[in-house]
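Two complexes follow with chain A in common, the first pairing it with chain B and the second with chain C.
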Partner chain A sequence: MLIAVLAGLFVSVLLIPLGRLFKGRLAVLISLLPTSLFAYFASFIPTIANGEAISFHYPWVPSLGVDFHFRLDGLSLLFSLLITGIGSLVFLYASSYLKGHRYLDRFYAYLSLFMASMLGLVLADNVLLLFIFWELTSISSFFLIGFNNEDANSRKSSLTALAVTGGGGFLLMAGLILMGHLSGTYAIQEMLNASSFLKAHPWYPAILALIFAGAFTKSAQFPFHFWLPGAMKAPTPISAYLHSATMVKAGVYLLARLYPILGGTEYWTYPLIVVGGITMFYGAFHSIFRTDLKSILAYSTISALGILVFLIGIGTEQALLAAAVFILVHALYKASLFLTTGVLDHETGTREITQLGGLRKVLLPLAIAGLLAALSSAGLPFTFGFIGKDQIYEATLHTEGIMPIVLTSLAVITNILLLYAGLLVGLKPFAGKLPERYQAVHLPHWLMWTPPLLLALMGIAFGAFPALIDASLLNPAATAMINETFDSPLKLWHGFNLVLLLSGITLALGALLYLMRKPSSKSMASIERFNYLAPQYIFGKLARAVRRFAARYTRTLHNGFLRVYLFRIIMFAVLLLGFRLFTGGPIQWIPAHLSPISVYEVAVLGILIAAIFLTVNTSSRLTAVVATSVIGYCICLLFVFYSAPDLAMTQFTIDTLTVVLFVLVLFRLPPFLNLANRRDRIRDWLLASSFGAIIALITIQAMNQPFDDAVSKFYGENAYVLAKGKNVVNVILVDFRGIDTMFEVVVLSIAAIGVVSLLKLKLKASEKE
Partner chain B sequence: MKSTILKTASIYLLPILLLFSIFILLRGHYFPGGGFVGGLIAAIAFVLHSFTHGTEATLKLLRIHPSALIPVGLALAAISMFAPMLNGQPVMTGLWFDQPVPVIGLIGSALFFDIGVYVVVIGVVLTILFTIAQYSG
Partner chain C sequence: MELLLVILIGVLYATGIFMLLRRSMVKLLIGLILLGNGANLLIFLLGRITKGAPPVIDSAAKFFTDVYADPIPQALILTAIVISFGLQAFAIVLLKRVYVLINSDDLDDLNTPEEEDI
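What follows is the complex of A and B.
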């Protein structure tokens, strides 16, 4: 299981050196990764259908409670199959769609990275692990949206997406940590036991608010939805895969996963119903004003995500089953429509709905795919969409109070608009007369038209024979959400009842809307008048305000003069420490605590003072540098006296290198310098002496505290026993606190990259001159 | 710097200092030393050479640009960090061979981690110094 999850990461890393090999025809081979994973996950279907769940546990950092703890249950399996199944088709499709692209290898690396992180996300049984993968999906989505990195709009959209989902992720982390902290465990399965405790806890609303923030930003809920239409700047296979079928459903997945732990209360239900309801209507309403195919799909995706959040908010068994069904329904038809749009764009060069028409004559298989997907989205009987819509109406009708009327009518209106949007994308480009300029359009490589056709056919097959998947896939998924066994076979025919009537009304009104309304670019303009009210506009203003504030703040505090920084930092430290010392009680001077002073120490101290005197009084830079290094070496000697040879050695070498660095830089500075004026020197002297005095006082005070040697004792006793080393300092560095060291070398590397890139930029600029 | 004595000496000093840095690296687990100091000493060896022969000559001597050492070292450290996972143990569990190797002593994953640190430090220090040297020269 660990290998299955991380395989994508390995492939992604391997593509860095081996990418060249896979730029040409071999690109298809990379699709073996998702297809084999699909087969692997499909092999679990019988086990999961029996109501079992499979756990895999690999210790990672047990001391922090972070483990590779994976669990495959109905919900994870449904998502895993979607991720790898649609992933396979998208990998294949992209090999043809982006054929010969300069960065095809990079594209597959990002895509594999995404797939691995998405799989990790849905399989993780530890909230911290889940969060790590959650962030990885945001990052890979950032790279994929900005894939056409030479286009300024792409870059902007990817930044927006990252800012929104990253900001939400930040809040989500806080929520998950709060949850883990209160329940005393980070394992999701163990959290189930703490469910009632969490729900009664006074911080429960705060936890929910934080987790909702994460889910809403990721799943593009109103008012955070605006990053999703922007994300359509990504190549179309990416839009189909990340921004419709899988990644944007991560928020929905999170809600579904946490439902048994946190769900079912008023705090859970109402926010989700309200936000989901607004989103599903808002998205569907906006979609009909768009004329760009991908924009229509983006808004209808937002609407579909709203429906899912709405259903999880309702939280009845029917609603949760409806959510499971609709996840699959939507993934199938929406991915198919996206891929169809991709071919249209690829072959005709436009995605404007007003320009396209009659293409069935030249792109017949694609027209079939589009039509079938549109019908499934419309919810025609015998399509999978019909069952999906049935389930939604079932769920809204079986709520309490006046809710059925409100919620059902909202669902009906949304579905009518969605039906219209689906027909617009799936039917309109292929119906009517073929414009002359598209006479020469021909069917692309079969790898581009079979994936959408396959997905659309699956939508029909599952609709006609729901028994194919209900007991094996959808009921286990609902079971995982409800957390008790659940079995309700999906039926195509429920008899003549209210639900059927509602379905009929939806179909009739949607079809009528399609026949009556002709999309035109004017409709776009009519909706754009309200842009100043749009969340995107408000968030944009907010972002600009933050940037202005940051610029002003930076100009005041970081003005580029090293002496000013030093002055401020030291002054602040003096004030803070001085205050603490002043309020902390009298300072005791106990000479008995001091060790006897040897003649070496006095000698070194004398050299030290002489070197300091020389440093501040010389007018030659070189002398100052050398004198400073003498100070450094003297301190090394002190370390040696007090038996810290490791520290002394390191300090000694660092000092040497610093002198070298100084000398290198000094070449660039004016050769001679004047000392600062008297007033400044007195000011600096005052500051320096008070800082020195305070540090000395703190040291004296620290000696009065009883020395707690528990830590050093532990290291001293265990260095050889546990880590087979006799040098305790080194054992701490490479073993006991090895993770710290690892991050330190990473920081060092980042510093080197920083220096190089800053200087190289300057070098290039000066070469140009 | 145009001192013939230093120039000649640095040619002999370079291998000796490098050997010394490896010695420091290897003894780290039992006596004062370790990857960080070792890396710094090795970097000083090359810096000394570059002082007397010029940065270009040192770069030529190195054959690869020192910046290429950074990912190698990071990878080495990361692999030694994650290797225990393949064994089903938590990250950074110390793994040790049973039999000591002559001269070096016991070999464990900590040694590879330290070698990774050593390589990163050489790469980082030389990259920074050489870039600045080229910029100022």
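What follows is the complex of A and C.
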């Protein structure tokens, strides 16, 4: 199973060197990957249907609780089959849709990567592993959405998608870690035992809030839904794949997966019902105002995701079964509609619903696919959508209190609007009169029209014969969510009851709406007036404000003036050290041990201080350099007084060299300009003196600490015994710490190389600018 | 004597910092030299100063028989002096090169105009 999950990653890596081979006709061959994976997962159907689950465990980082722990149960299987099954069709479709595209190899690499991450996500049985794959899907979808990278809008949409899903992922990570930390394990199966503990824990609402944030952003729930319509900038096969079966269902999957652990409480139910309810209505309502086919599909997808979240929120057995059914229903008809739209776009060059019509005469098989998918989405009897809708109404009717009326009416309205949207995409382009300009349109390569047709036919087949999949696929999926065995065969005919009546009302009103209402760009304009209220507008403003703030902040802190940086750093050091010094106990003002002062020492110190002030205050460069050298020689004398002959010699040599170099190189420069005004100088003096004072005080505190001379003693005693040298300083440098000294020589050589090359460098006239 | 040295260190640090905060590149470099001298003296002082007893073992003896100055600060400072020379030499030549190129000693003339584009 590890191979099955990682195969997509291998393929995408292999496509880097071998990509050129697969740009032409061979691109079809890459579809072998999803099809063989589909066959592999399909072979597990009988096992899973028996109520078993298959686990695979590979240790990865056991100390952190991160393991390659995969588990295939009903829910995972349903998703795996959708991912690989629809994946296979999309792979095949794209080989024709993007034929001859410059980046076809890149496209397949991203798509394989995405498929592998999705598979990992639904198979992972460890929340941290799940999170890793979750992030991988965000990243690979970023590449897919921004696939048309020459288009600025496309780049912007993919960034928005990444920002929203990535931000949610961040919160999700916090939620998962919190959950794992409290329950003491990161394995999902083991967390099931901690379920009641987690639900009673005071942090439970926080965990839920974080996890919901992750699921809502990924599954485009209101108010985070706006990245999804933007993601329609991607080529249509990608939209079909990401938005019918995979990416956006990840959030739904997460909720379904965690339902047995966290679900069923009030904290779980109400937020999901409210957010899902708003989303399903909001998406459906918006979809009827759009005239671009893909926009209609995008908003109806948002609505469908809202329905799924809503159902998981309700959380009764019927609701969860309804969710499982609806996941499959929606995946089938939505992928089919997307792929149909893709062909229309490809052949006619437009996706504007107002311009399309009558295309059944030239694109008959596609018209059949569109019609069947639209009917399934409408929920006509004998389609799979009918069963899905039935299940949804069953679920909303069997809630408690006042809920049935509110929730059911919300579901009915949403379904009416969705039905209208489905007919608009699946039926409208093919009905009516064929315009002149589309007479020459012809059917594309069969790889482009068979996938949507196949998906639409499956929608009908499953609808007419639900026994094909209910016991084998849907009941196990619901079982995995409820965590109890569960068996409820799907039926096409429940007899005359309220549910059937509701279905009838939905159909009738939806059909009426379709007949009465003509889509036009005017209706689009009428709702665009309210854009300033839309979440994406507010998020956009927020993003711009953050950017402006960052720019201002950077300009203030990182303004390019060295002295400003230094000033702040030193001021901070002064404040920090000063604070510690004055709060850290009594300050000693005088060193504890004072040696006697002699006249010549005072004389040297006097010269030193005078030289220092001359250095600072002179306006002649040469005077400053000479004064600096006087400072150096005076320090050299101090070294002589206090038993450091080696230091004195070194200081003397180096100081002489520095002065010579300074004068040789710089003597032709002009005198110092006094660039700072009085106020700046006073401010700098204040800071500099307070820093000097703090250093002096710290020195006194340090000197008054007990002195530990163990290391000095070691060197003193062993210099001759071990290293056969009598000058201890020299022995330390060349023997005990010989390697340090060697590196010092290296540093000096590098500096020398730098000096020589700077001196010899002769720039061309053009480079001087 | 220690107190005087402490004051000297404070003065060296203060003037070093003050020079670092100037706009002139040569002053910046002098500030660096002053600061380096201050740091060397600080290390030296913290090793306790001793008069007339360099850390050199008597030619007849195998180890010290009398008090001696601490060799460790001296070894550290020796390294520091040599390394700071490398730095100073490079910086002086760099200054010269910058001066030849832009004909100015003012740090602000080095700022690139792209910064304004944010």
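Criterion: the second predicted complex is superposed on the first by the 559 of 769 C-alpha atoms of A that agree within 3 Å, B and C clash if a C-alpha of one lies under 4 Å from a C-alpha of the other, contacts with A are read in each partner's own complex, and residues count from 1 in each chain.
The rule we apply is simple: a residue touches a chain if its C-beta (ideal position, glycine included) is under 8 Å from a C-beta of that chain, and two chains touch if they have at least 3 such contacts.
Since the model is a prediction, treat every value here as computed from it, not as a measurement.
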item: Contact breadth on chain A, by residue count: chain C or chain B; value: C
item: First, second, both or neither for A:Lys726, with chain B first and chain C second; value: both
item: Partner chain(s) touched by A:Trp446 [first = chain B, second = chain C, both, neither]; value: neither
item: First, second, both or neither for A:Thr741, with chain B first and chain C second; value: both
item: A:Ala702 touches, of chain B and chain C: first, second, both or neither?; value: second
item: Touching partner for A:Leu657 - first (chain B), second (chain C), both, neither; value: both
item: First, second, both or neither for A:Phe465, with chain B first and chain C second; value: neither
item: Chain B versus chain C as contact partner of A:Arg563, first or second or both or neither; value: second
item: Contacts of A:Pro62 with chain B and chain C, given as first, second, both or neither; value: first
item: Contacts of A:Leu687 with chain B and chain C, given as first, second, both or neither; value: second
item: Contacts on chain A seen with chain B and repeated with chain C across the two complexes; value: 645-646, 650, 654, 657, 661, 665, 726-727, 729, 733, 741, 748, 751-752, 755, 759, 763
item: Complex contact set, residues of chain B against chain A; value: 24, 28-37, 40-41, 43-44, 47, 51, 67, 70-71, 73-74, 77-78, 81, 85, 88-92, 94, 96, 106, 108, 110, 113-114, 116-117, 120-121, 123-125, 127-129, 131-137
item: Residue ranges of chain A in contact with chain B within the complex; value: 58-63, 68, 645-646, 649-650, 653-654, 656-657, 660-661, 664-665, 667-668, 722-727, 729-731, 733-735, 738-739, 741-742, 745-746, 748-749, 751-752, 755-756, 759-760, 762-763
item: Partner chain C, residues of chain A touching it in the complex; value: 551, 554-555, 559-563, 566-567, 570, 590-591, 593-597, 601-602, 605, 608-609, 612-613, 615-616, 621, 624-625, 628, 631-632, 635, 638-639, 641-647, 650-651, 654, 657-658, 661-662, 665-666, 669-670, 672-673, 675-676, 684-685, 687-689, 691-693, 695-696, 699-700, 702-703, 707, 709, 711-712, 715-717, 719-721, 726-729, 732-733, 737, 740-741, 744, 747-748, 750-752, 754-755, 758-759, 761, 763, 768
item: Sites on chain C touched by chain A in the complex; value: 1-24, 26-28, 30, 33-34, 37-38, 40-42, 44-59, 62-64, 68-72, 74-75, 77-79, 81-90, 92-97, 99, 101, 105-108, 111-112, 115, 118
